[in-house]
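Common to both upcoming complexes is subunit A, partnered first by subunit B, then by subunit C.
This part shows the complex of A and B:
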């Protein structure tokens, strides 16, 4: 374990897509403490996480725990966890218990503990991150953070639609690396605007060879697995390599910043009359909207044992039967084999192509 | 009109409540029989592979009920003891509707989606209106049904406390959800084996819920699920009075997967056995594990006396 000599606070939140840059901005500029960008997820993270987690807890917990362990090794001492409508509500406390049983010393800011109706409780928890927190500073940092999240999502969206058709291999990835490096250095809203302008322009200048009609695939799934590329074994990249255009509506912008829950719920009412809990509403409504938009296939990725997503599966099957569009389910655990996924994806690709050819013939 | 009640999930929590309500309101009902291997096989064929065992059992019971009644009662409940529920209780009505879409199935509308003290009554009122009952009849039936359930739970809790204090056998606290411990296929074999091994099973779920919920924070402070709060509270309250704790879970129960870990980490003074049930039959493995567990209990007792 790296020694923390100055006793300074180093906060860390588990790796989750590219959002760590936005959280870094909030913690460093708003709360005024150091933020450690969590080390990128590797096989080791998952192995560490699953060694100390309960057996059949959902995989995101294992990733989070693995991330915490690697961050603690590198000297972080203030860990954070959010809350949610499913098991996510209990992640924080259990992870903190497991880590403290292992003998680590750390501060744990668990948002599930906060009573959101009491301002005092909110401020108390903010003081867990930094005892001398300045509230105006935090409030001032929030708009820039949300803008940053929106920018990250916008960038990723464009990438998803075009990366499969790039002329020179690796153009997009190189630009994304540069973009993230630039985001890390952003200090205020003005700089963010400049980054946005330059990088979106450069992004659109990258030569692509995109045909007018492409194979379109929609991705749905549980909050973590669909957003964190490592946990779905870089499925978006895999699909892009097959020459497909990937659509994914599930991101922070569409769920937290512009809350579309009501709209989505109304949209999916034919299949799910009531709220099935957690992200299942989004999964159903998004799958339905993809199908109605005339996409060639939908892929559902989820952690093994994710209850809301399992409850959504019969509904997805019905949607698939009604609109005659293939919907493929992937369940990820800590032991999932990469070859198996590739084989199934290839079969899915063949099915999409075959379906396209037969419908063409029918017309 | 005949209403079908599947003997699964929430039935075990509201047995007296529902039956009294329909009796008082003068509505005919049929309850599916106790879970058998056949029902589970039916449910397994209908459900997604990954779905948890109680869901499979529910689907099996509903499959049995189809054709034997006009409406099937699948309640949707969002809150228990003012706390969150596992999302399968939120989704079960849509799950059932979509699974049995191609067959003629009518579901009785019951949706409890608010926390307040009168929320349950309002939900029942809505359901009663749907059944064509008069307001006064609903109120009367609801009050009587609530009372029946309350007294049933109270007497059950008192009787259990009495056995806990009086018995000379090894006392084993069995921690399991109502729909697991009450089920003939899941919970019954364990209770039977424990009794055969000269132990007294003390069922955590039978203790008074509100008394238990007062104390769950001793073990875990942010536990979100109402039913788990009840069980964990029972452990916190009674673990000094029992000799051992047996935790019964079904695979792959979401809440339990995390709560069991918490319990085993926090409760150190009593031997804990975690049993995970699946659809596979054959109880030999289960019995062996329980036997060796009871041996440990006996050994501990002798050791303490010697």
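This part shows the complex of A and C:
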């Protein structure tokens, strides 16, 4: 464990897409304690996580646990976990138990334990991060954090739609690196606005060679797997490299900031009258909206054993049959063969191209 | 001089190869075991193909590779097409059976279903995390019962009352099989039951929710087992076609793709005499530890892959 000389609080939330910069802002500017950007996920993270996890737990837990372990190694001492609508609610408690059994000393702020109707409970949990927390400061930091999340999502969305058609290889990724580095330095809302202006302008200036009609593919799946690129083997990147335009509605903006659950549930009602739980409603409604928008294919990525997503599978099959659009499923666990994924993706691409050519011929 | 095209399908268990002419007729073919050494298997395969087309006045101008070692062998043979096996099989089958609607395929380690409409693939699925109901399961159970896998099918056909065997999972199937054998069920009934279990497992897992429509073609190594073919026909209620060249369909398909690619360069069978080496190592540059594979021809690097980021890129000069 790295030495923490001043006994200062160093908070950390598991790696999740590019959101750590927004969490960093909230923790450092709002809570007034240090935040550690979790080390990027590597194979080692997953190996560590799998070694100390129950074998049958879904793979996002293994990623989170691996992330905690790497963060603890580097000196973090206050870990956090969010709540959810599935087993995720137990994951914070379980991870904390495993880590303390391993002998680590740390504070664990588990949002699943907060009683959201009780202000006292909320404040108690906030004090776990910083005992001297200033409520007005936290409240003041929230709008900028929210805007940062929206910006990250907007940037990523543009990237997904254009990266497959960049003229100079690597332009987008280079700018994204710069963008994230700039976000990390943001101290207030004013600076964020400046970053937003500069980078969105520069983003749109990157030369692309995008045809009027592209091959479009929509991504759906469980909350973690669809949003954390390492956990889906960088599938969006892979699809873009084949020259496809990738659509993904699932992100923090569309779920937490602009909660669209009710809207989505209503939209997908023809296919799922009741809520199968967790993200399944989103998965179904998003897939349906993709096929209605005339996309060429939909890919569902999920953690192996994710029950709500398993429930969504036969419903997706019905959508696929009704609209004659292929919907492909991928299940991921800690040992998934990369070759198998590539084979399926290549075949998916071949199929989408062939279908496109035949329907063109028919018209 | 006629033009010829080679298609090579290097699976985990077997290596298949064909030479076709411009009219898509198979002029030479072979099927041999990969034995965990794809490089050597391909050398043996090419030697055999060369012998078969000798004196037939054929110049090979294109090579296509498919199967799980397609990339490696593609680099070695300087292939014009390297294609995934799902597409390769579909192309091969639709060439021979233009009106096919469903392809069942069961190989040594994997199984697939491909749904075809008007000659184009519209949907497919492949087994993911479990090898239940594949060829290697059947061959290990044949071994347990003391019969060779080749006669498995004909024995199954003699059964009048197939034993019910749990099909959910290979481990359960195996213990169920032992249990039924000890209870005194006849061997041929158990064997027929196993064939049925493979089919049930396939239709419930790989084929789940897929619209199975005739005409159906069944291929892959397990299609040679007439017991499984019969079980399929009983389950889906219509005839299932097994092509005598069903095991070569992937190689045939990728040979056609090589021909269609339009890339032509004279292929020299001499590569069987060249020295190919592969070297795999873990990239030490970050904690991802990508396994990078380098292929050398006569000690000269010809290709490399496996890196996730630019840090691990090895450029071929």
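Rule of thumb we're sticking to: the second predicted complex is superposed on the first by the 363 of 363 C-alpha atoms of A that agree within 3 Å, B and C clash if a C-alpha of one lies under 4 Å from a C-alpha of the other, contacts with A are read in each partner's own complex, and residues count from 1 in each chain.
Please note the rule applied: a contact is a pair of C-beta atoms (placed from the backbone, for glycine too) under 8 Å apart; a residue touches a chain by one contact, two chains touch by 3 or more.
From a predicted model like this one, the values you see are computed outputs, not experimental measurements.
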Quick one: is A:112 in contact with subunit B, with subunit C, with both, or with neither? Answer first, second, both or neither.
first
### Task
Mind working out whether A:161 is in touch with subunit B, subunit C, both or neither, as first, second, both or neither?
neither
Discussion item. Applying the document's definition of touch, where does A:54 land relative to subunit B and subunit C: first, second, both, or neither?
Written reply: first
Tell me the contact category for A:272 with respect to subunit B and subunit C: first, second, both or neither.
first
Partner touching more residues of subunit A, subunit B vs subunit C, is chain B
Determine, under the contact definition given at the top, whether A:350 touches first (subunit B), second (subunit C), both, or neither. second
Message: Quick check for you: in the superposed arrangement, does A:150 touch first (subunit B), second (subunit C), both or neither?
response: neither
Q: Determine, under the contact definition given at the top, whether A:74 touches first (subunit B), second (subunit C), both, or neither.
A: neither
Quiz item: For A:98, is the partner it touches subunit B (first), subunit C (second), both, or none of the two (neither)?
Solution: first
Name the contact category of A:340: first (subunit B only), second (subunit C only), both, or neither.
-> second
Dual-contact residues of subunit A, meaning touching subunit B and subunit C, are 304, 313-314, 317, 331
Seen from subunit A, its contact residues with subunit B in the complex are 53-58, 61, 85-87, 89-90, 92-94, 97-98, 101, 110, 112-113, 271-278, 280, 304-308, 310-315, 317-318, 331
Touching subunit A in the complex, subunit B uses residues 48, 50-52, 76, 84, 86-88, 90-95, 97-99, 101, 111, 113, 220-224, 251-252, 254-255, 257-262, 265-266
Seen from subunit A, its contact residues with subunit C in the complex are 42-45, 234, 304, 313-314, 317, 320-321, 324, 326, 329-331, 333, 336, 339-340, 342-344, 346-347, 350-351, 354-355, 358
Subunit A partner, complex, touching residues on subunit C are 68, 83-87, 118, 120-126, 128-129, 209-211, 286-289, 308
